[in-house]
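Read through the structures below before going on.
Two complexes follow with subunit A in common, the first pairing it with subunit B and the second with subunit C.
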Partner chain A sequence: MSAWGLTIQRASRSRLFQVPSLLALVALMILAALVSPTASDGSRIFFEIGNLTDILRQVSVIGIISLGMTLVILTGGIDLSVGSVLALSTALVASVLTRPLLPGAPALHMMLAIGVAVLACGLVGALNGLVVARLQVQPFIVTLASMIGVRGLAKWFTANENVDIGFGKDVAAQFADIFRDKTVVIGSYIAAAIVFWVLLSKTVFGRHVRAIGDNPTASIYAGLPILKTQLWVYSLTGLLAGFAGVLYAAENHQGNPNAGVAYELDAIAAVVIGGTRLSGGQGTIIGTIIGTLIMGVLTNILRLNNIDSNVEMMIKAMIIVLAVAVQRKGRQ
Partner chain B sequence: MGLLLAEDISKHFGGIAALSAARFELAVGEVHALMGENGAGKSTLARICAGSLRPDSGKITLEGREVALNHPLDAQKPGIGIIYQELDLFPHLGVGENLVIGNLNFAEGVLARPKAIEDFSRPFLAQVGLTVDCAAWVSSLSIAQQQLLAIARALSMNCRILFMDEPTSALSEDAAERLFEVIALLKAKGVAIVYVSHKMDEIFRLCDRVTVLRDGKTIGTRMTAQTDRTELIRMMVGRDLDSAARSAKPASQAVTLSVANLTTRKLKDVSFELLQGEVLGIAGLVGAGRSELGAALFGLDPILHGRLLLKGREFHPCNPAQAQRHGVGLVPEDRKLQGLMLQMSVKENATLSVLKRVSRWGFLRATQEKNLFDPAAQRLRLKAASPDLAVGNLSGGNQQKALLARAIFADPDILFLDDPARGIDVAAKEDIYRLIHELAASGKSILLASSELSELMRCSDRILVLKEGRVTGMFAAADATQETIMAAATHSFAQAG
Partner chain C sequence: MKAWKIIVLATALGLVGCGPHGAGQKLVAFSQANNAEPYRAAQKSLMEKLFAQTPDVKLVSSDAQQDNSKQIAQIETFIRQKPAVLIVAPNERDALTAVMGKAMEAGIPVICLERDIVQPNYATYIRMDNRAIGRMAGQFMVDQLTKKNGGPRGNVVFLRGLLGVEAEINRDGGAREILSRYPDIHIVADPVANWIQAEAHDRMTEVLRVQPKIDVVYGHNDPMAIGAYLAAKELGRDKEMIFTGVDGLGGPSGGIKKVMDGVLAATFVYPLGVKEAVEVSQKIMRDPSYKPPKVVTLDSIMVTSDNAADLYKKLTVAGE
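== the complex of A and B ==
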């Protein structure tokens, strides 16, 4: 085996098994630097603060969803409904904001809107979790069904129309101003990432999540709280998708029942590129963050160099396959 | 000139040397045992010779010619076959299909041809004495039958060299006898067999020569007629072992568990009492209900009828977590399927059931975990290159010790051990027997289910015998003999049911 192969293998075996994906990210950034268009003063546009923070902001919505998706995949499950849940969230938050509910208290109104959206999405997640854990239906099937059903719910709720958030002075517009701000968006992602990193790596709950995905049968024998853990994992994913939807609504100034289509695939891609196994039991939040950033940097490189977005999708597909193949090689 | 010669074979797994310049030589038509502690490298060596693993370095010579075995088919062509401990059959395919899949001797066309498959399979199945329908799914066969099927498959590939990895670990005593007959048959046909095993009795009975590995190195090769247990153990372990004998200390008379008319799906009207500090052996053939008894006590199988009294109070086990809270523990039979989280470390596996003890407000405390785990690892002689290494990479003995640690941490009053020493090397077995002895001495009650009568007789105070879900005998270990236990285990009932 080559020295390079042995390095990857050793890294994959040890605690730092996200080293391969980290190296990929670094390599990608070097590539980005090399192909980056230059500004008039000669500096590379890629490394401008504005561009780098743009990347972070662009990946935040999917990034937040991917955090929940990491937990779900770690338990050996999958959640295909996150895109539809995001759509539902945008519809709810926009609808509550544009209704004259609490005229004199804009802050409260905003909190109500966000609360309703996020909680509703959490409940959808809880429902997913309940069917998976109690009725023991395969997560793929359950969340496929909710993907379709929740999308229908969102479209029915808004009567198939977008709910516009204007650019004026009303509470909805104020909400949009606050929650589309770069700092708020990036800050939310970082905050969520930290919370979930701690949750997964430092808590009893996180240990249970990994154990259940590693060996469901042995988890029963070990007396682990499987029902409770699965319920929480899917609920948290719903909550995160809900919050991602809030940010989405602010960014796009509308509640859109058709939003988030195929977001679940981007989230799964980020998780998988980051080194998490789809079979469950192995993976980290850090890995998912790296996977998210890899996708973000890649998109940025292609956009800066004016590559057709369709070509972009094809390249993304190749990267996903490559990433998984490299990791599998390392594990053997 | 030997038939097969593997020289200077080295293999690393992530920094651990599984084999270091190992040497193995097989002569024509012999039955050659490959012995060693778990982690010594026996299975690795077998896999390399069978083409499933590629060595980092070394040379394999077949009848004087060097061969490159980069793929299982490279080994199949010259007639090298291997039967794994876990049996690599396809459970949802038929018997015949399993025989012809990947078989170079069977010309697969485009379409499936059941008749051709059956014609091909019949003779080989007959040779091993397997009388089953060719279309029957493998999952419907017993483990013993599946193993015979694996041998039939090897025969159909014109095997001249057959590696068998722990072949009797999942077999009852009479299925093992049948296997020995088949091995004699193979030997008569000129097939050289490499018998990877820990079981001394079998090795001295079946094998012409034995090669001992230790820590990945070849220690030596002996003719079985010219050596004895002590020498082999010394070669395997590098030191003389002191056997942990069961002391004559009588258990107290306090009844910890009283089982009356216990009836589940598999068990019928089982009654017995378990005393404090006692080791109760559970004997019986495969399928007699040993594991089912553990499952019932641990809340995994619903109890249809009967009464359990735990320390005098009624006990209704409904799930493992609840059983654990009541002081009942279980170490399951299949450590890979039912016990271990293979991707987690030894430490994580061991502490899994008692995370409350190593955490505060839901947050894990690494120091507390270390303080809980380290003394236990030392006490159990759990050797791992690094405590953070995934447990799937460790030897069977260490894996089993991790599971024992997990069960013990929950501080049970009653511990059901289901075949804890299966597929484990001699030294680790001794460690486990010693642990059982210590646990009983400290007042815990142990239920030891096992397929090895000598193990039961050695470790137990009393032995309960099951057959087809019923109790057919209860012996004091001092009075029992292998014959009386076997008789009770195969006792036929006068009336049906």
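== the complex of A and C ==
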């Protein structure tokens, strides 16, 4: 164990391991290899392609939400409403799909359903952003309010009942078949990750996002478009949560107004494990993706070893604290 | 600098980690929807007890904590472990249908326990008949009212579970089907208490304020019937009416004990289905030519003061 630790320590000095969360992920993968149960032919179940893609599929919904959460946290804000927004999206997409709006045009019907759900969620995000930027109310309070209000909206809209998508041949069932496909889910996550990585690290908008969180006062004096940036950041987060809701509805074959409870906390955990500073200014999309994967890989090895899900929560708690503590130390 | 973190992590995992299941052992995986419900916790304890009798079978179980996505992910991970049998108590029918189909496609026989799914993606479905339970409860109420009031007449209160759920629809519908044959039996109130004792306590208090005369209270599960009893007791009216529930779990906190204590006049056993699930699993594992029955329907038992003590011994899982 100690020899192994030393090897990792040496490796950590090389350029490759400048990102501490990446080191943790690699360590976790090695650990996973060591403790993975074996299949009947002696191969390690953890490294089966099917299992590795299971992990990616399972983290995709939280992963997509975390991308938006990264932007919000970088500006020094927080968005507690994403879980409720996801629920609203599942309800909207399923409701539009299960109504005979466009008979004979399934592709258009699906696009309409997804469009309505994602745009409505974008609007919720825009409203969050507007109140944060315009009325200068703290993001925690604004999004706490919308977490409650949007959950109520989703429940009211569905009369607090699930909207069943079903398994027939209709457009709703076709939608579920397409959007719960592993390749589509993982592909969506990867596509969204690339878009947001480019947005944050290669554009002026990305620089503004970081600058606002790093030094709000200086940003004001520098004349940065703070209002516009915040409005966009919260809107994009809403859009992403809405899109995650579309995938969630397909996976579960239903619109569910009670879906996504505490997802905001899972997303925040992934962001901070990925090295983003909760007070804003510092952090990367790559870090968040790694943070998401750390949680996913950890869950997977614990489950492969049939470890109690309550113990799983305690171990996750330790990982969160450790990850953040190590990164703090690294910066000092 | 960072090595200590890895070491702590590794130790933490090493402490709780365990190796693959032993060679030659057969793996049975059980995916439970929500172990926080007493009925489901009893399922798990009984299953552990029954499988422990055959040392060549290793049972692993997961608890989805009422989360569809979590249950899907847990079943996906079970599929990777290629168990000899997979037993699933689905959280919700739509959400779990596809992943149970995936397990069947992977050649794993699936036993669906208690809740139905949309497509028959199982080798065996073990179902309980809530409609029959509702009818039994209805008949019991008619008999009790006849005894008390000299004829099938009187006032009844229903405490309803979560609306739209199969168990609620049929426990309610079955009882109404019987009661509707008697024009002098009136359901004077039927508030929704969502299966929860505390909510039933509040709703029953409101009903008691409004209704001057109540003969029978029918809670669609035992906790709601007990909540109603507590509300009536607080207002000094518990002797005026009788209370009946459904579930009839064993153990000190279950409904059968409440019948023995005289709190409930009757309860109706909602079978765990575990004995049958284990039997089917054992046959699947040991007899390659065995064709499991597609559906197994289990009957309920009425619990009254006459048979409560016997059933308590029979239905209490050791260690509970």
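Methods note: the second predicted complex is superposed on the first by the 314 of 332 C-alpha atoms of A that agree within 3 Å, B and C clash if a C-alpha of one lies under 4 Å from a C-alpha of the other, contacts with A are read in each partner's own complex, and residues count from 1 in each chain.
Criterion: contacts are C-beta pairs under 8 Å (C-beta built on N, C-alpha and C of every residue); 3 or more make two chains touch, one makes a residue touch a chain.
Keep in mind that what you see is a predicted model, and the values were worked out from it rather than measured.
Colleague: Applying the touch criterion given at the start, work out whether A:Phe205 contacts subunit B, subunit C, both or neither, answering first, second, both or neither.
Modeller: It touches subunit B, and subunit C stays clear.
Colleague: Between subunit B (first) and subunit C (second), which, if any, makes contact with A:His109: first, second, both or neither?
Modeller: Neither subunit B nor subunit C is touched by A:His109.
Colleague: For A:Lys316, is the partner it touches subunit B (first), subunit C (second), both, or none of the two (neither)?
Modeller: Neither: A:Lys316 stays clear of subunit B and subunit C.
Colleague: For A:Ile220, is the partner it touches subunit B (first), subunit C (second), both, or none of the two (neither)?
Modeller: A:Ile220 sits against subunit B, while subunit C stays out of touch.
Colleague: When the two structures are laid over each other on chain A, which of subunit B and subunit C touches more residues of subunit A?
Modeller: C
Colleague: In the overlay, answer first, second, both or neither for which of subunit B and subunit C A:Gly281 touches.
Modeller: First partner only, subunit B.
Colleague: With both complexes superposed on chain A, which partner does A:Glu161 reach: first (subunit B), second (subunit C), both or neither?
Modeller: Only subunit C; A:Glu161 stays clear of subunit B.
Colleague: Under the stated touch criterion, which partner chain does A:Arg151 make contact with: subunit B (first), subunit C (second), both, or neither?
Modeller: neither
Colleague: Do subunit B and subunit C land on any of the same subunit A residues, and which?
Modeller: 1, 9
Colleague: Considering only the defined contacts, which subunit C positions touch subunit A in the complex?
Modeller: 1-14, 16-21, 60-63, 65, 68-69, 72-74, 76-77, 80-82, 92, 94-95, 97-98, 118-119, 164
Colleague: Across the complex, what residues on subunit A touch subunit B?
Modeller: 1, 9-10, 13-15, 202-205, 207-208, 210-211, 214-215, 217-225, 281-282
Colleague: Considering only the defined contacts, which subunit A positions touch subunit C in the complex?
Modeller: Within the complex, subunit A contacts subunit C at residues 1-2, 4-6, 8-9, 12, 20, 23-24, 27-28, 31, 35, 37-40, 45, 48, 50-51, 54, 58, 61, 161-162, 164-167, 180, 248, 251-254, 256, 259, 299-307, 309-311, 315, 318-319, 322-323, 326, 329-330.
Colleague: Mind pulling up the subunit B residues that touch subunit A in the complex?
Modeller: Going through subunit B, the ones touching subunit A are 14-15, 56, 298, 300, 319-321, 323-324, 330, 332, 337-344, 348, 352-353, 355-356, 359, 362-364, 388-390, 393, 406.
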